[in-house]
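Single-structure report; data block below.
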Amino acid sequence: MADILTHFDEDGRAQMVDISAKQQSQRVAIAQGRISMSGDAFSKITSGRVKKGDVISIAELAGIMAAKRTSDLIPLCHPLMLNKVQVKITPAQDEPVLIIQSTVKISGQTGVEMEALTAVSIAALTIYDMVKAIDKSMIIGPIKLVHKSGGKSGDFNNDDEIEAI
Amino acid sequence: MADILTHFDEDGRAQMVDISAKQQSQRVAIAQGRISMSGDAFSKITSGRVKKGDVISIAELAGIMAAKRTSDLIPLCHPLMLNKVQVKITPAQDEPVLIIQSTVKISGQTGVEMEALTAVSIAALTIYDMVKAIDKSMIIGPIKLVHKSGGKSGDFNNDDEIEAI
Amino acid sequence: MADILTHFDEDGRAQMVDISAKQQSQRVAIAQGRISMSGDAFSKITSGRVKKGDVISIAELAGIMAAKRTSDLIPLCHPLMLNKVQVKITPAQDEPVLIIQSTVKISGQTGVEMEALTAVSIAALTIYDMVKAIDKSMIIGPIKLVHKSGGKSGDFNNDDEIEAI
Amino acid sequence: MADILTHFDEDGRAQMVDISAKQQSQRVAIAQGRISMSGDAFSKITSGRVKKGDVISIAELAGIMAAKRTSDLIPLCHPLMLNKVQVKITPAQDEPVLIIQSTVKISGQTGVEMEALTAVSIAALTIYDMVKAIDKSMIIGPIKLVHKSGGKSGDFNNDDEIEAI
Amino acid sequence: MADILTHFDEDGRAQMVDISAKQQSQRVAIAQGRISMSGDAFSKITSGRVKKGDVISIAELAGIMAAKRTSDLIPLCHPLMLNKVQVKITPAQDEPVLIIQSTVKISGQTGVEMEALTAVSIAALTIYDMVKAIDKSMIIGPIKLVHKSGGKSGDFNNDDEIEAI
Amino acid sequence: MADILTHFDEDGRAQMVDISAKQQSQRVAIAQGRISMSGDAFSKITSGRVKKGDVISIAELAGIMAAKRTSDLIPLCHPLMLNKVQVKITPAQDEPVLIIQSTVKISGQTGVEMEALTAVSIAALTIYDMVKAIDKSMIIGPIKLVHKSGGKSGDFNNDDEIEAI
């Protein structure tokens, strides 16, 4: 198993894996997630009546900031110098759902999938926090990786899973 | 809207709401989430061949630690002195799915829903991190609050949503 | 001197002072600051053309989040459970200046002046960061405490220093 | 506006800007600030009677440590591997004022102005914290960038603003 | 075993233990440690020629700051609002050794042994960092708890282990 | 002294030293430490009866995570992008002692001795935390650097100090 689950050494002990020998390359990861809520909550958030500090832009910002904290949160993630983080949240067309998409870039020796997924997760939690006074039954997820490029393992695309935003 | 979305003042400006007047009470929150994966990945994690540092216990620990960081991550959350944090991850009975459940307690003036949801989210991301070398298509979610008690707003139960663990 | 600069013990050694014997009380601190910029930069920020993620609301949010990190940043500050943090940024009437005001509340054994001043400082730095591409000569300050209440030392008011916002 | 305030994308959404295409270069930033206080407070700090843990060296250290936390505090700042951070605090010649100067260096793809300004700001706040028991009316600021070199935008000098230290 | 190692539940799963039912009380912990070095390194540090920023006061400050971060570092520690943290470092009488002692106080539901031990450990590491250019063979330890009071388990004293400082 | 204790400038002021001119190289550091306890505590930890979340693997994980936080904790340490962190804890053969060893790698301009020593220290503290309910007299240390390679100062080996693990 150790040869497959790379975060464990030959004795089954967790480790932050050695990336010394990996090539520096341009790497990109895109993740997506959703948060579903009541129609009432949804219309409150998206009605556009809030000029400043609106729910969506706060959640986008929280997602960006969280991407930078990924290695503090995920035990075996490497600390990384991210080149770009973007989080976009858009209302779905015909459901009371917000779609969250993050894009993270780095020029480095390991990928940024976890940073992209963390950004989406914390953005979703931030929405939950601000809306929970009117809807505690919101559902976070599905959250998934939709694209990854760069690095030896090649590109990953989960295209049929990408929602238009 | 300001009277409903309490994180915004009368001008629509975000704020960390004033909890000075709220009663100190025993508060509990329970959240649940899932991460779905391929049968191959699932059997690797749950086969019990890894003695130390196994995926599930690392993810449980990461969830506990993340609960303590909630106010650093969610912009308008209050810093809180948590009394208890527990994260339990169990394999589902008949699907390649791990079910994650967190329980957070506090004696304080505001609830711990966000701490419980953050614990579940980071535990799920930690599983993703350790398993992504063999399955990048894992799905995180749905994540939801299943129980909340304490405080003026009374109990919240999402019972039909609770999975047996 | 040690009896006056309370952060130093009788040997002149820095310490986080013992607040065990201090009374729990409702405490409030209000701080104010300014950031001055070119007319060009000022009109860009305040023109209202940016719908989402505008400079002012991001800076307000950064100030709130920074208040929660005060004890990580200021070496001898006590970790505190803040009850409320609010940051308001308003354009001055007749100068290219943004006025930043924070209000922090706690029910505790020590005051929150540092949290209020930290919120203002980080909000100002966040504005600088977002505007520096068009104006590197911005001036941060003066930043000052304008009000403090609660605790044994009584109220402090710097009223003639308060700017209308 | 998006083309000018680079932290916002074409939709006015905040982002951590993509620095992938920027050149690696040696970059330096120098910032300066002041904190003004009563003559009584000033003479207490600068009288040299405190052997260990004196106010000035604690504030210098807090400034250095804060520079390393800049990307945690300023929402859209990139995480950076700083090569050098220095903070010098000196009493002004003929006023009860401390002058704070920071110098930050990096070999990287983006500048360190924010790190230099953050170091000065937190150093000033740390002085405030330690002296506030005897003077709550201290004034922090003006704080400004005095020099920047490296990177495509070329050198910036605010020479007439530099105080001799 | 679960009934003894309280950080594990009945299934052997790690948890942050529930302290809801524990009494609030005044609690104190004192820890001590040593760092041994070459006579050359020792005389450099203790010669008193460094006016500002000397090794000992920086290490004391680092220890104080680390005590506040304990719950971020030790996975199952509760976040706590410390009432006092003091770190004293003194040269031993007749060996090239620095003795480090911390005192931490809280009024709370759980003890502060870990905060005291963390303060000593980080203070020792900070000394190592500043002196390693002239001595890489320094030895950190023994580090131990010397006193604990408050709480149901009663007082703990390791008196014969306390070094005079 | 300033020419020897490099963390101080010519005025004796603490600084994060300038590493701009240092060569990028592969650097490795290995540190070791011990924690001694009662035979009773030792047998509880090493008896292998705890399936999940056992003391040793939690402490290993805490050590790995702490290595990533080193520059937050040690005031003059540079922030670094670590390539590898591994922590191994093994019971000693004939004493009630756990031996902790960390290995840290980087490709960078400064060494990772402090990261290795911090990993060992926090791992030891984590063991103390989980075992203190049954033994408060545990002793942490000696902790020391056993190997360092890379960089201009050449290799350092403390071979006779290395314990077999």
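The first chain written gets the first letter, and so on, giving A, B, C, D, E and F; residue counts start at 1 in each chain.
Here is the rule we use: a residue touches a chain if its C-beta (ideal position, glycine included) is under 8 Å from a C-beta of that chain, and two chains touch if they have at least 3 such contacts.
Please read all numbers here as calculations on a predicted model, not as lab measurements.
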Fitted rotation between chain B and its twin chain C in degrees, CA, nearest 5: 120
Most distant chain from chain E, judged by the mean position of its C-alpha atoms: A
Of A-F and B-F, whichever chain pair has more C-beta contact pairs: A-F
Between chain D and chain F, centroid-to-centroid distance (C-alpha), Å: 32
Multi-partner residues of chain B (each touching 2 or more other chains): 13-14, 52-54, 57-58, 60-61, 65, 69, 72, 75-76, 79-81
Touch-based graph of the chains, sorted into line, ring, star, complete or other: other
Of chain F, residues touching chain B in the complex: 52-54, 56-58, 60-61, 65
Interfacial residue positions of chain D with respect to chain A in the complex: 9, 13-20, 71-72, 75-76, 78-81, 108-109
Footprint of chain E on chain B - complex, ascending: 26, 57, 60-61, 64-65, 67-69, 79-88, 105, 107
Residue numbers on chain F that touch chain E, as the complex places them: 1, 4-8, 11-14, 33-34, 44, 47, 49-55, 58, 61-62, 65-66, 69, 72-77, 113-114, 117-118, 121-122, 124-126, 128-134, 136-145, 148, 156, 158
